[in-house]
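Next up: the structures, one after another.
Below, chain A partners chain B and then partners chain C, in two separate complexes.
Take a look at the complex of A and B:
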């Protein structure tokens, strides 16, 4: 009797141990290593935690964090809309695809950060420029993946639906876009991580607020614990964005994962 | 054939649009030079030794960063992938560390290593390392259990199994990771040069921006795009050579 009751508890404990063990050990090692030496660049974790609360749970949250995240969200959403709409148009029209493909390949190959100086020249410094920077880097993975996805739709599927007279918007909504969605989601995933990088870079360059600006400011004024707290916050944002993407992907692609499971047997 | 002609037309169309947009004066000429000025400037840049030194700096930082990341990721990934305990124990840490944007460590790198190539390398290694590491884990986990048992019952030792079973299974995954890592490393190399200021194309771009020397700036942006395309093509070639035997590549050639 007792053993049966104990087993799930032990199992949960083991899972917890695996998940938290290494991070706990790493934190402990860090604390021990920084406790003795008064290393300037590597403050003990407790100091960083204090700095974290002090720095970010105050006006900085509304002045730096929220505007940064707002620009990130605006840039990414805009990229997704532009990328999916233009990608669908290009992917379904053969001559358009042939016409634009070499140019698109080139634009994708340009490292998005070099557009920061270009856009700074053209648009000046401001929110428009910062959002434009994010869009200029994020739009390509979504767009090119949409083109690939739309082009790669199973011909049996398209021909069947055509012979059932599923056309135009109906076909887009129920045949083409769902079939392309695994590819599109892969593009969106790339778009999110590029977007985060560009959000930080655009603020490191030309800004007087925002997460990227704050972290560089702390570094230049040798506020080391605060700088570390900023790095931690950026890490947490990255993890949160990845987590949200994971949830969204599971919702959008649940049919696809189910199909793969079945195919694997 | 027609696809190629249309593609050329596309490039031409882009250049003409650029030229017309610049000539129309919608954006001041000092900020948006014409396509012809930029291309002429690009031609002139290509003949100066300074340009090639700058390009060389970027390529050295890129290849060093990519090399460190790939070697470390393959070594650690294979060990962690083959030992179930390690894999379970590191899973949460990997999932936490991986999405941290690599630019977040720029300030730290600058503090520790100064405005140097070493600082840039810290930034360049971070993201590509995780990309390859995760692929190695997937690859090592993908070994066919039947083949595994067969190899064992034929008496293949640990090393032989690593060489004849794990390596061929994991290779396609590793190469995919390598291809992604190569372009990410290039982006980060140029980012680091731009922000940290270690010598390379990125720093030169920032210098041209603050000059301001718009034609030089745009010419170098074109160069970075070209470099990106070269990296893409080169890694794809490596993939084809190393995976000649793999069904996915063989099928492509048959068509």
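Take a look at the complex of A and C:
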């Protein structure tokens, strides 16, 4: 009994070792390099850890972290809804596509950061502006990938659906969107990483709260350990978002991965 | 099973013309790059018939089926089903595609693949489940309800596609080289399945194949198409006993005569010789 159970435990330990090994080494290297060097800009990890606990396990959590995450979630969710709805409409309607495609390419090419001043003028400096900045950058990968995915449905599947008269909402729900889902998910993945960047950037302008604001504030006040702890927190948020995405993707695309595994033999 | 056996047979309509194809022509594209896939095809299919269509590769068999099933607009001529011109996929027709692997929805389980057309027809859930189960049992896949198509072998995938067509309870069943890619034993089983479904459900079957033996074994009638530009080379009645058996039917002298005849016709079709052989 015991012996049979040992194997998976060892396997899990090994996976953990691989995953945590390099970060641990990097941390060690950092600690050695900063030990007694007393560099102002590179405090030792222990100092950063202290600053992390002090800074973020206090009122900053509700004043900065939660509002930031809220705006990130709102911006990203809005981008997904707009991107998928508009992308499906454009991808399935020929005249809409001919009309909009050149313009979409143009808007996608504009870096969203330059829109910040414009959106600030239009929407003021509140949450609406910050969410709008996130949406203005995040919506494109979802939208364009949805258009492409919806257009790329296998012709044999389309004809099968037509001949069995599977149409309208049923076809959208059971044929078109699932067929496009690998592309849509790839778009969402991009949307999430762009969203995190824009969340930070949108808080660096005319702001008084948020993770991005805090980090800039610490930097200007020469609170270097606190600044680093903010960067570490951002990294952790990024890892958590990627983890959540991974779980969602495995659920939505389980058929896709299964099919590819079978094809690979 | 219950659903299948209680399916109304269009018995009273047997013998009347169900499908009528008149001077059907199809040219793909236009200008210098155009391809004349079909020149002119005319034939009638009576209700309850089982017709096999054979022809050389690339002669336009798939094109013909797509025109019959309303998926493609012919360039000239017309198709009528029960007196109604076919301009869109008709309600009472099911198609089994040549590329069966690509015609199953990989994100749906076998159950949902078979059930989706019934859902589109707004069949209540209970009836739908029964019909799906019965159809899958009919093709010997009653155990595979919750697997995904890509977990199945090619022959099993094709049987799912057939089950989907059966569950749809069509009046006309159109099949495009359904057994081209399955092994010999599965193929024999599926051929008998098609005969059984045809007899049990009283559907009209139009079965495309490039396999001459298969067309004679399966069909009550064989339409031989010429090579492109395509016309009907011959319309042959198969006068074999209606109870067919893989071994004894194929051993009949009449079977050999018919298959030799069709074979010669195809050879002539390939050479572009349009005159029919004297009937055997």
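Convention: the second predicted complex is superposed on the first by the 248 of 265 C-alpha atoms of A that agree within 3 Å, B and C clash if a C-alpha of one lies under 4 Å from a C-alpha of the other, contacts with A are read in each partner's own complex, and residues count from 1 in each chain.
Rule of thumb we're sticking to: a residue touches a chain if its C-beta (ideal position, glycine included) is under 8 Å from a C-beta of that chain, and two chains touch if they have at least 3 such contacts.
Just so it is clear, the model here is predicted, and its values are computed rather than measured.
Look at A:262: by the touch rule set out above, it reaches chain C but stays clear of chain B.
In the superposed three-chain model, the partner touching more residues of chain A is B, compared with the other of chain B and chain C.
Using the contact criterion defined above for the overlaid structures, shared-chain residue A:9 touches neither chain B nor chain C, since it reaches no partner.
When the shared chain is aligned, chain B comes close enough to touch A:219, but chain C does not.
Residue contacts after overlaying the shared chain place A:174 against chain C, while chain B stays out of touching range.
Shared-chain residue A:165: touches chain C; no touch with chain B.
By the touch criterion defined above, A:247 reaches neither chain B nor chain C. Once the two complexes are overlaid on the shared chain, A:156 sits against chain C while remaining clear of chain B. Once the two complexes are laid over each other on the shared chain, residue contacts for A:204 go to chain B alone; chain C is not touched. Overlap of the chain B and chain C interfaces on chain A comprises no residues. Listing the residues of chain B that touch chain A in their complex gives 2-3, 6-11, 13-14, 27, 31-32, 88-93, 95-108, 110-112, 183, 186-187, 190-191, 194-195, 202, 205-206, 208-209, 212, 214, 217-218, 220-221, 224-229, 231-232.
On chain A, the positions that touch chain B within their shared complex are 18-23, 26, 41, 95, 98-103, 105-118, 120-122, 193, 196-197, 200-201, 204-205, 212, 215-216, 218-219, 224, 227-228, 230-231, 234-235, 238-239, 241-242. Residues 154, 156-157, 159-160, 162-167, 170, 174-175, 178-179, 181, 255-256, 258-259, 262-263 of chain A touch chain C in their complex. By the touch criterion given at the top, residues 66, 69-71, 89, 91, 93-95, 97, 99, 102-103, 105-108, 112, 116-117, 119-121, 148, 150-151, 164, 168 of chain C touch chain A in their complex.
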